[in-house]
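Shared chain: chain A. Partners: chain B in the first complex, chain C in the second.
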Partner chain A sequence: MDVSGLVDTATGRQSRAIYSSEELYRQELERIFGRCWLFLVHTSQIPEAGDYFRTFMGEDDVIVIRQKDGTIKAFLNSCTHRGNRICRSDRGNAKAFTCNYHGWSFAPDGSLSAVPLEKEAYFGELDRSRLGLVPVAHVAEYKGLVFGCFDADPPSLEDYLGDAKFFLDVWLDAMPGGTSLVGETQKMVLASNWKLPVENVCGDGYHLGWAHAGAMRAVQSLDLAGLSVGNSSTDLDGGLSVAGLNGHMALTSLDGVSGYAFYPKPKPMLDYLEFNRPQVIERLGKVRGEQLWGSQINITIFPNLQFLPGLNWFRVYHPKGPGQIEQWTWAMVENDMPAEIQAAILDNQCLTFGLAGLFDNDDGDNLAACTEQSRGWRTAQMDVFTNMALNRSGPREGFPGDIAAGLVSEHNQRYFYRRWQEHMQADNWAGVPTYNINSVVAEETIDA
Partner chain B sequence: MIQNATLERPTTGQSASVEQTHSLTQTLYREARMLDEENYVDWVKLLADDLLYHMPGIETRYRRDKTDQVKDLTRMAYYNDNLTEIKKRLSRLETGTAWSEDPATRYTHIITNVEVELTAIPGEYQVFSNFYAYRNRNEREEDSLIGNRIDIWREVENSFQLVMRRIILKHNVLLSKNLNIFL
Partner chain C sequence: MLESGVAPMSTESVTGLTQRLYHEARLLDAERFEDWLECMCNDVTYRMELKRRRFRADRSPPAAVGVGVVFNENLARLKLRIDRLRSGFVWAEDPPNFVRRVVSNVEVERADAENEAIVHSVIVIHRNRIDGLTRVLTAGRSDRWRMHADGWKLAAREIALDHAVLPDSNINVFF
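Our next item is the complex of A and B:
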């Protein structure tokens, strides 16, 4: 389906059909979820050989397994005999995955290791070497984040992430001990199109002071520059909307502490930041060490991964049809943090975001209603708009990307829909443009 | 909340008296009515200062996986609240700017299978119950939350206060968009 008229990045317009059309959704499964690198697991979630974690790539059920040699492989969670699901646990450790239906057994490397009655009923004629689990075509890791890709010939994960790595490293590489995702998976069904929560978190600082006014009044303990409860004012110097990074985005404040603005007792976290900041500056340079580490940052990796260092939630959205998603959330920590801080982060993450989180209570309701209001005969023909602060972006010293000032703008959302359109129009990766606008990564390199 | 406490109390295995059981059962019903009516002003008065309100997240695991998904307080929990945190949740509603709570959600809490046991601490009772909480919102949004509760209630003068509550919800994927509810 031709999507050239459905999104207009120049004026900030999207057709509501993109949130409700079944046909477009099938095209998204093929051209976005079937083509892009998708987040699978953090290495901390499967540390030992035989550890596995089940997740989804688009609507495909996938098992990610730590191998004996320490590498990570991923397979479709489907028996190659009759298609049954071979693993029914969310995570665990296994020496083999045995199908409940007829007992075919697969080793952690995906090979078909045993078939009941192989000699007697198959007369020894079954070619087991051709019936291993179907692997995800590419699996690669970036500093603990493991991604998978179904496409036969994608760009490398490093190239796919591009200059978004500048922001990823503010969490992944700030401290020498690395990072972990902690806590069991918080899963929730939301009657929303998958693009709406991504759009919301990737750039929508506008909704924070209004939609979350109640939650902010309840839990805010520090000032958050650039935002105010009730949207009575905004400070354009307080933050940046960063896009133009191969479809990835960052929305960040610049004060180095506001990530912890919603913690009831932020002092231990602020002490941790203060104590470690010199070495972070040494590792990441002054811009990131002083202005980004500890700040409220929303990071989006196209298409469906988002995480907020500071508030410390990490989330993927699994599409379940045009009007439904499963939202999976974990808490994120730096391994160098003391155990008390890690525990406080897990608890506060659950209090603020996630199933019973004060903020998610607000978002779920709005995103579901936006989806619903795109399904009617008349509403499906209408447009919605992300046209705030058009043509007010540019370079900024020390940062990669095309940047608009402030947290309140719709600059990032326009780049998100631009990327969506680029993928939906292209037949394959050769037709998808690569852009890292205003690249500065070369001069302030990540790994010294 | 960083918690060293656990919900576990040494129990005597003995049932409470008919009178005690009746009083506590009535307390549970009264509490359910308060929650149905969103009467949080009176509900908070039922909560002890040293409250632990705990709802662990439950993953789907094979039986051979012996991980304690229920009692371990260091694991992810949808609620792991002390009284201050409960009050913080309630304060969001009181701001008048929690737009997603207006119009109100309509709640019914059904409490069943009540058992009251004595603990080794005089005046503290372990109370088992099951709940069926029904929510309906806007025009046709509805969901049902069903599970078990294990409480510790403390006798204070002539009434009872909730000291600890563990809520064991049966969901893996929550089949609705939030948990804006106390169970």
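Our next item is the complex of A and C:
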């Protein structure tokens, strides 16, 4: 289906059909979820050989398994005999996966290791070597984040992430000990199209002061880029909307502490930041060490991965049809953090986001209603708009990307829908443009 | 009836505690949050841990930093949640949802402390939401109640939510 008229990046317009059309949704499964690198698991979630984690790539059920040699493989979680689901547990450790239906057994490397009555019923004629679990075509890791890709010939993961790595490293590589995702998976079903929460978190600073006014009042302890409760004022110098990174983006404040603005007791975290900041500046340079590490940053990796150093939640959205998603959240920590700080982060993340999260509990109904309001005969023909602050972006020294000032702008959302359109129009990766616009300007030039 | 084998609580205590649970449910249904807080001890703990789905034979170790929580509240944190609900900015609750709690399977046991009791119960929260759809949340509860001069007060509540995936967009309700 031709989507050239459904999104207009120049004017910031989207057709509501993109949130409700079944046909477009099938096309998204093929051209976006079937083509892009998708987040599977953090290495901290499957540390030992035999550890496995179940997730989804689009609507495909996938099982990710740590191998004996330490590498990570991913397979479709579907029996090669009659298609039954192989693994029914969320995660764990296993020596083998045995199918419930007829008892075929698969080893952690995916090979079909045992078939009941193989000699008696199959007369020894079954070629087990051809009936192993079907692997995900590509699995690769970037500093603890493991991604999978169904496409036969994708760009490398490093190239796919491109200049977004500048922001990823603010979490993944700030401290030498690396990072972990902690806690069990916080899962909820939302009656929302998958693009709406991504759009919301990738760039919508506008909704914070209004949709979350009640939560901000209840827990805000520090200033966040001048955002006020009730959307009565905003300070455009306090943050940046960074996009143009092949569909990835960041929304960031620049003060180095506001990540902890929504912690009722931020002192231990602020002490940790100040104590370690010289080391982080050494590792990441001044811009990231001083301005980004510790700041509230919303990072989006196209299409469905988002995480927020500071508020410290890490999330994927699994589509379940055009009007439904499962939203999975974990808390994110640095391994160098003292145990008390890690525990406090897990606790505060669950207080603010997740099942009973003070902030999350504001967003779900808005996203669901936006989805529902695109399903009617008349509403499906209407448009919605991300036309705030058009044509006010540009490069900025020390940063990659095409950047608009402030957390309140719809700049990032426009790039998100632009990328959506580019993928939906392209038959394969060769047709998808690359624009890591304005790769990082060397940092030495900043003080000059 | 009692696993511990000790003498059962008096009928008066059982009736009093059961009535307390019903009363509490009615206060919450009516959003009388401040009155509900009056049912709490000052050192109350109110917890719901995250669910996980594991094979029975799974031997992988528990999550390093903890399983994570849905609720991990003390009195101040319960007040903070109530402050948010009372702020006038919680659009998901305006117009109010139709919320009704059903409390059942009440079982009262003696606690170690003389003035305390362990109370098990099941709660079903029926919510007819603004979108016109109904969600039903079910949980088991294990409480510790303490006798004060003005009656039984909640000292601790452990809530086991019976949903691996929350079938709703929020938990703007107390269990």
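In this section, the second predicted complex is superposed on the first by the 439 of 448 C-alpha atoms of A that agree within 3 Å, B and C clash if a C-alpha of one lies under 4 Å from a C-alpha of the other, contacts with A are read in each partner's own complex, and residues count from 1 in each chain.
Here is the rule we use: a residue touches a chain if its C-beta (ideal position, glycine included) is under 8 Å from a C-beta of that chain, and two chains touch if they have at least 3 such contacts.
Just so you know, these numbers come straight off a predicted model, no measurement behind them.
The superposition on chain A brings chain B into a clash with chain C.
When the two structures are aligned on the shared chain, A:180 is found in touch with chain C, with no touch to chain B.
Of the two partner chains, chain C is the only one touched by A:51; chain B is not. Residue contacts after overlaying the shared chain place A:400 against neither chain B nor chain C. Once the two complexes are laid over each other on the shared chain, residue contacts for A:244 go to neither chain B nor chain C. In the superposition on chain A, contact is made by A:333 with chain C only, not with chain B. When both complexes are overlaid on chain A, the residue A:303 reaches neither chain B nor chain C.
Once the two complexes are laid over each other on the shared chain, residue contacts for A:91 go to chain B and to chain C alike. Judged by the touch definition given at the top, the superposed model places A:154 against neither chain B nor chain C.
When the two complexes are laid over each other on chain A, chain A has residues 88-92, 182-191, 211, 213-215, 217-219, 264, 326, 331, 343, 346-347, 350-351, 354-356, 358, 360-362, 364-366, 368 in contact with both chain B and chain C.
Those residues of chain A lying in contact with chain C across their complex are 48, 51, 88-94, 180, 182-191, 211-215, 217-219, 264, 326, 330-331, 333, 339, 342-343, 346-347, 349-351, 354-356, 358, 360-369, 372.
Across the complex, chain A is touched by residues 48, 50-55, 58-60, 63-72, 77, 80-81, 83-85, 87-92, 130-131, 164-172 of chain C. Against chain B, the residues of chain A that register as touching in their complex are 88-92, 182-191, 211, 213-215, 217-219, 229-230, 264, 326, 331, 340, 343-344, 346-347, 350-351, 354-356, 358, 360-362, 364-366, 368. Of all residues in chain B, those touching chain A in their complex are 1-2, 55, 57-62, 65, 69, 74-81, 84-85, 88-89, 91-93, 95-101, 172-180.
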